[in-house]
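Paired with chain B in one complex and with chain C in the other, chain A is shared by the two complexes that follow.
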Partner chain A sequence: MISYDFEYFKPSSIDKAISLFQSLDQQGKEPIYFSGGTEIITLGRVNKIKTGAVIDIKEIPECLVLKRESNKLTFGAAQTLNRIRESQYFRFLNKAIGEIADHTARNKITLGGNMCANIIYRETILPLLLTDSQVIIAGPGGLKQLPLNEVFDQTLRLQRGELLIQIMIEEKESELPFLCIKKRRQWDVGYPLMTIAALKKDQQIRFAFSGLCSYPFRNEKMDGSLNNQALPKEARIEEAMRQIPAPVLKDVHGSEDYRRFVFKNTLLDVLDTIGGTEIE
Partner chain B sequence: MNKSEITLNVNSEERSVYVRHSDTLLYVLREELGLTGAKPGCLNGDCGACTVDVDGQAMKSCLMLAIEAVGKKITTVEGLQNIPLKTAFIKKFAFQCGYCTPGFLMNSNSLINNYPQADDIQIKDCLESNICRCTGYKEIEEAVKSVLADGSTGNGNY
Partner chain C sequence: MSWSIGHSVYRKDGLEKVTGRAKYTGDHSSKDMLHIKMVVSSYAHAKIKAINTTKALKVSGVRGIVLGQPFPLTGEEIKDRPPIAYDKVRYHGEPVAVVVADTALQAQKAAELIEVTYEPLPVVNSPKNALLPGAPLVHENLAVYERIEHVYPEANTNIADRIKIRKGCMNEGWKASHEMVEASFSFSQSDHMAMETRCVIAEIHPDGCVVFTSATQSPYMIKHLMSDYFNLEDGKIIVKTPLVGGAFGGKVAVQLELIAYMASLAVGGRPVKLVNTREEDMITSPVHIGLDATIKLGATKDGQLTAAEILYMFDTGAYSDKGATISRAAAVTSTGPYHIDNVWCDSLCVYTNHPYVTAYRGFGHSELSFAFERAMDMLAKKLDMNPLELRMKNAILPGQTTPTQIRLNESTVGNLPNCIETLKQQMNWNEGQVIPINDRKVRAKGISCIWKTSTIDSDASSGVILVFNRDGSVNIESGVVEIGMGTKTVLAQMLAEKLKMDVNKIFVKMEIDTQSIPEHWKTVASRGTLMAGRALLKAADDAIVQMKDIASRVLMCSPDELEVGNERVYVRDEPDIYIKVKDICYGYKYPHGYAIGGQVIGRGQYMLRHLTHIDPKTGVGRPGPEYTVAAQGAEIEFDTRDYTYKILKAYSVIDAGIVLNRKLAKGQVMGAMEMGLNFGSSETFVFSEQGEVLNSRLRTYTPFRYGDHPEYVVSFIETPYIESAYGARGLGEHGLIGMPAALANALSVASGMELNRLPLTPEAIWRKKIGVNEY
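Right after this comes the complex of A and B.
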């Protein structure tokens, strides 16, 4: 049960959502967009998210698009993880989705909600960062299309009142060989320890990580070290580990040393396997 | 406290109810509509005890606001009448204390309806959404598989 009250709105267009946000903001209601709502409800229950108004985006047609057209894949931000997975358009993203939460929860969790969530893992970001996807963002000034890599730095850098509408990727990017390995401390479900995603393009392997630091990331220096053919694999990994851009997490799921240990061994597995074919 | 009236379609009945916009579906089903089949467990999306069916999909009712369910068809365990799945749960001893059972029934019913040809991987993927504190997983899996093998469907508002 959420102890505080909020108002609930369900606009049917992007313009209505954006102007609603502005007017509620001016009234001091601290509005937030509501997609799957799973994080808003669970964090709201423990007072970690407080708001006077939520704007449900699940009736905005653009946010529900799911299509393959003109060599492009488009995913509406309010599409559920299960619908996206069942569309079978993008196997790398599907692999990441299949590891998030559980099947029933994925009937509610949405792609945009996962990308914009407060939770540190946000694993859907990994394949999207590696395949140079684009995001469509709406704001008071209209729509803009930007490379995700430009607007994602620890979080999706949205201005106040901006709304993520869609995510687009080139179909050919979705066909590249990939690997996505999620490590948990125990069992097959439950919260992750870390996820390592890798994509092979032009004989180079790109890497992205979740659960290693307090945000998901891709790092060029680490990519450089891991692709340095002049060094044996273990030395490449040692070098990459010196470039980790933020403190390694320590929490109930694992100490810093344990995370480093798992990270190193998983990277070794990745380097051993992604040399050849696509693995799911 | 601001309350407004909404109408929910629950187990094929239109039910008018006053809710706060921040009330979860689980809370409204139990406390306002007297449907106590959906169980509160973790209230955090982890355990599945609160699972109901919304428009043909299994849904953790602690992860949904009641107001989000307006215009949708909700089925709770009270609405699952005379289905082979319930008999299979009894035959296979698929419960002990029974607290998780309504959630497992709702989730399994949705699995049987949506994936009648489900293979072992799909069954595992779906059933992993629920936790049984008495760890009766094997018997639950057997019950679900027996219904899938019979080709009988579940029910609900489909």
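Right after this comes the complex of A and C.
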């Protein structure tokens, strides 16, 4: 049960959503955009998210696009993880999606919701960061298209009232060899101890991480170390571990030093595996 | 051929459940019902300095706020617990205030506005620490608490009870031994995780009748304890229990009923409803016990056990409630199912600032078995002996004595060697315990042996009433609560067997109403089939006498020449002379109008025979009736680089006496095995240094999900227990008991390390490897 009252709106266009946000914000309602709702409901019931109004974006046509057209893949932010997975457009993303929550929850969780969530893992970000995807963002000034890598720094850097509409990637990027490995404290469903995603392009391997620190990230220095062919694999990993940009997490899923142990092992697996071409 | 015994009869509650029509406590509501929300402690140990309810009382719809009072103090053995904390809180999650409002929403809003000021106190965070000299006291007034006669709290300590087992002569035992092992074992508390969270509705009628609808395993105990705690008349307490959505021991405790009663009292007796959130169900309501243990074993060169010195320190949490009883149950079977001449055991029920505990499926046995069975594997290693052979050599046999010095026979102990031998074949034990798969992975096997009797009250009883319908069909009324185990279906099978009739013409009342249904002590301890089964047979005999009496007058013969079967009462050697049951079960009417007899109503009751308290100095006594023994195993695939693993197969070979319903029995055992594997591999509360539970949500507390399960291999040995109806032994808990130990033994042999701490996560194994146990 959510103990506070909030208003609910379901606008049918981007413009209406944006202007609703502005007016509700001016009224001090602290509005938030609402997509699958899984996080607002579960954190709302323990008062970790508070809001006076939610704006449901699931009736905005642009947010529901799911298409492969002119060598581009477009994913609407309000599409559910399961629908995206069923579309089979993007195997790398599908792999990340298949490890998030459970099937029932993925019927509700949306791509935009996961990317913009409070939850620290936001694992759909990883394949999108590595494939140089673009995001379409709506705001009071209209629509803009930006590279995800430019607007993502720990979180998706949206201005107040801005709304993530779509994610686009080049189809050829979606065909590159990849790996996405999720490690958990125990068993095969639930939050990660960490997730490591890797993509091979132009003989270089790109890495992105979730669950290692308190936010998902790509890091050029770590990529540099891990691709340093002059060093043996273990040494590359050691060097990369010295470049981790933030404190390594310690929580009920695992301690900091255990996470480092798992990180090292998993990277070894990635380096061993992704040397070949046929991988998943 | 049997009429029904041994058949996999569909559950009588099956259709209601699979169609979603079954009603549980939480499904009941009425217009005049008020709703309760608890405010719970955010500290594990703190003085309550002030509680400010001003803002909360202003929330619309609020009818009352109840705070803790010095009395009554409650608890089944030691009265140490105020239903709502008074003066200080002793665990994270303890109720400190209760709001009653028109709607659940208003109650929650108000609860969020209650301001509690605490002054934190030093925290007791484990049984080991609780026993250190100078440890803070969880209960300063332990010495003056009211208690039952057979519990022995130690004043000015954190020891709520100490149970002693003294068998044989330890010096002799050590003298006779050539090898010795000694090791410590531990695990934290965890939870039951029933699908239905605990829930109660309470109402006080103008005539003083207090009526509960409760998701409980103990409707009759609620009646008894309410009368004791609040000085109410026994007959004025009525408890109704609909179907219960999983219990696993967690719904034995009487907790929310007390709070709901106090809340109803505060609002003029109106009906009030209290439903636990998942978080409250995990820590505010009582939990699964934790343990620190030390075991020392001695054996001869050829593996004969000569001595066992055992120290169990159970983590009962903030209150003793069932913790003392569990510590006692663990003491009386402290050695596992092995014959040992010389046993010294101290089993301690220790207070900490953790959530308080209640029964958990297995009642102390999976806990002691983990420790003892790990010690057995360590001993086998030291003796350079196959662990299965070590168990076979020491397996308890008819004619031998238990730690409480009771001599067993085939009926009371069954056939453990047969279980071990069957397990050996099923697990293909001879291929070896560790089989390499590749340069990183190995397949490994571990086993354990278990036993369990039920240490319930020696005067616990069960009653059954059989009421006939006009068409000759029968209704069974028994106080056994249907908590998902199917006992009531088995009762119908027994009656079908006894009356030689179609089980589909037997109806079972699933819901309990203590005002009309005879008492079944508590639905616990795998005792439903034994106790209600025996009561049912007696009730059936009673009904048969009544039917024969009427039939004898119709058929003009003596009642002792008659038999009942096929829905007829017939002359034994001339079955063609009969009268149909339907023509006499409501009496018989002669053609000219005279009538005799009346509705046939059978009644029967059963009380366990010859049980005793155990001697406080030596532990001698007969604490329970029969034992169920079993051999269990786990087969895993282990990654020697990163310490991750999969459980491939889990095995149980159980001496079930006679299996009454094969599929129900297998289902019971598989479900129990699953719980045991979760307890062994993943489930645990993580406590902060301040004693807070850091993972009281299913997001961070992880049992198996779909797809995580191994293959379950379940088989039964059948050595009848003569005392029970149709030879069955207790079976509800036993599949769980050996699983944590079997898993730990498999992982220990796979990793080459002695893994003596649960749960066995990959991190825990890695920690052992690098030599750091705590984090």
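To be clear about the criterion, the second predicted complex is superposed on the first by the 279 of 280 C-alpha atoms of A that agree within 3 Å, B and C clash if a C-alpha of one lies under 4 Å from a C-alpha of the other, contacts with A are read in each partner's own complex, and residues count from 1 in each chain.
The criterion applied here is as follows: a residue touches a chain if its C-beta (ideal position, glycine included) is under 8 Å from a C-beta of that chain, and two chains touch if they have at least 3 such contacts.
Please read these numbers as outputs of a predicted model, since none were measured by experiment.
By the document's definition of touching, neither partner reaches A:Q229: not chain B, not chain C. By the touch criterion stated above, A:I41 is placed in contact with chain B alone, chain C being left untouched.
Of the two partner chains placed around the shared chain by superposition, neither chain B nor chain C is touched by A:Q88. By the touch criterion defined above, A:M1 reaches both chain B and chain C.
Here chain B and chain C are compared by how many residues of chain A each touches, and B touches more. In the overlay built on the shared chain, the residue A:D188 is in contact with chain B and with chain C.
By the touch criterion defined above, A:D102 lies against chain B and chain C together after alignment on the C-alpha atoms of chain A. Once chain A of one complex is fitted onto chain A of the other, the partner contacts of A:S255 are limited to chain C, with no touch recorded for chain B. By the touch criterion stated above, A:N71 is placed in contact with neither chain B nor chain C. When the two complexes are superposed on chain A, the residues of chain A that touch both chain B and chain C are 1, 4, 102, 188-190. Of all residues in chain A, only 1, 3-4, 46-47, 102, 184-191, 252-255, 258, 261-262, 265 touch chain C in the complex they form. Across the complex, chain C meets chain A through its residues 104-105, 108-109, 112, 279, 641-642, 681-682, 686, 694-695, 699-700, 702, 704-708, 759, 761-763, 766-767, 775.
Residue ranges of chain B in contact with chain A, taken from their complex: 1-2, 20-24, 27, 43-46, 48, 51, 57-60, 62-65, 67-68, 107, 125-126, 128-130. Here chain A touches chain B in the complex through residues 1-2, 4-8, 36-38, 41-42, 44-45, 54, 56, 58, 82, 98, 101-105, 107-108, 188-190, going by the rule given at the top.
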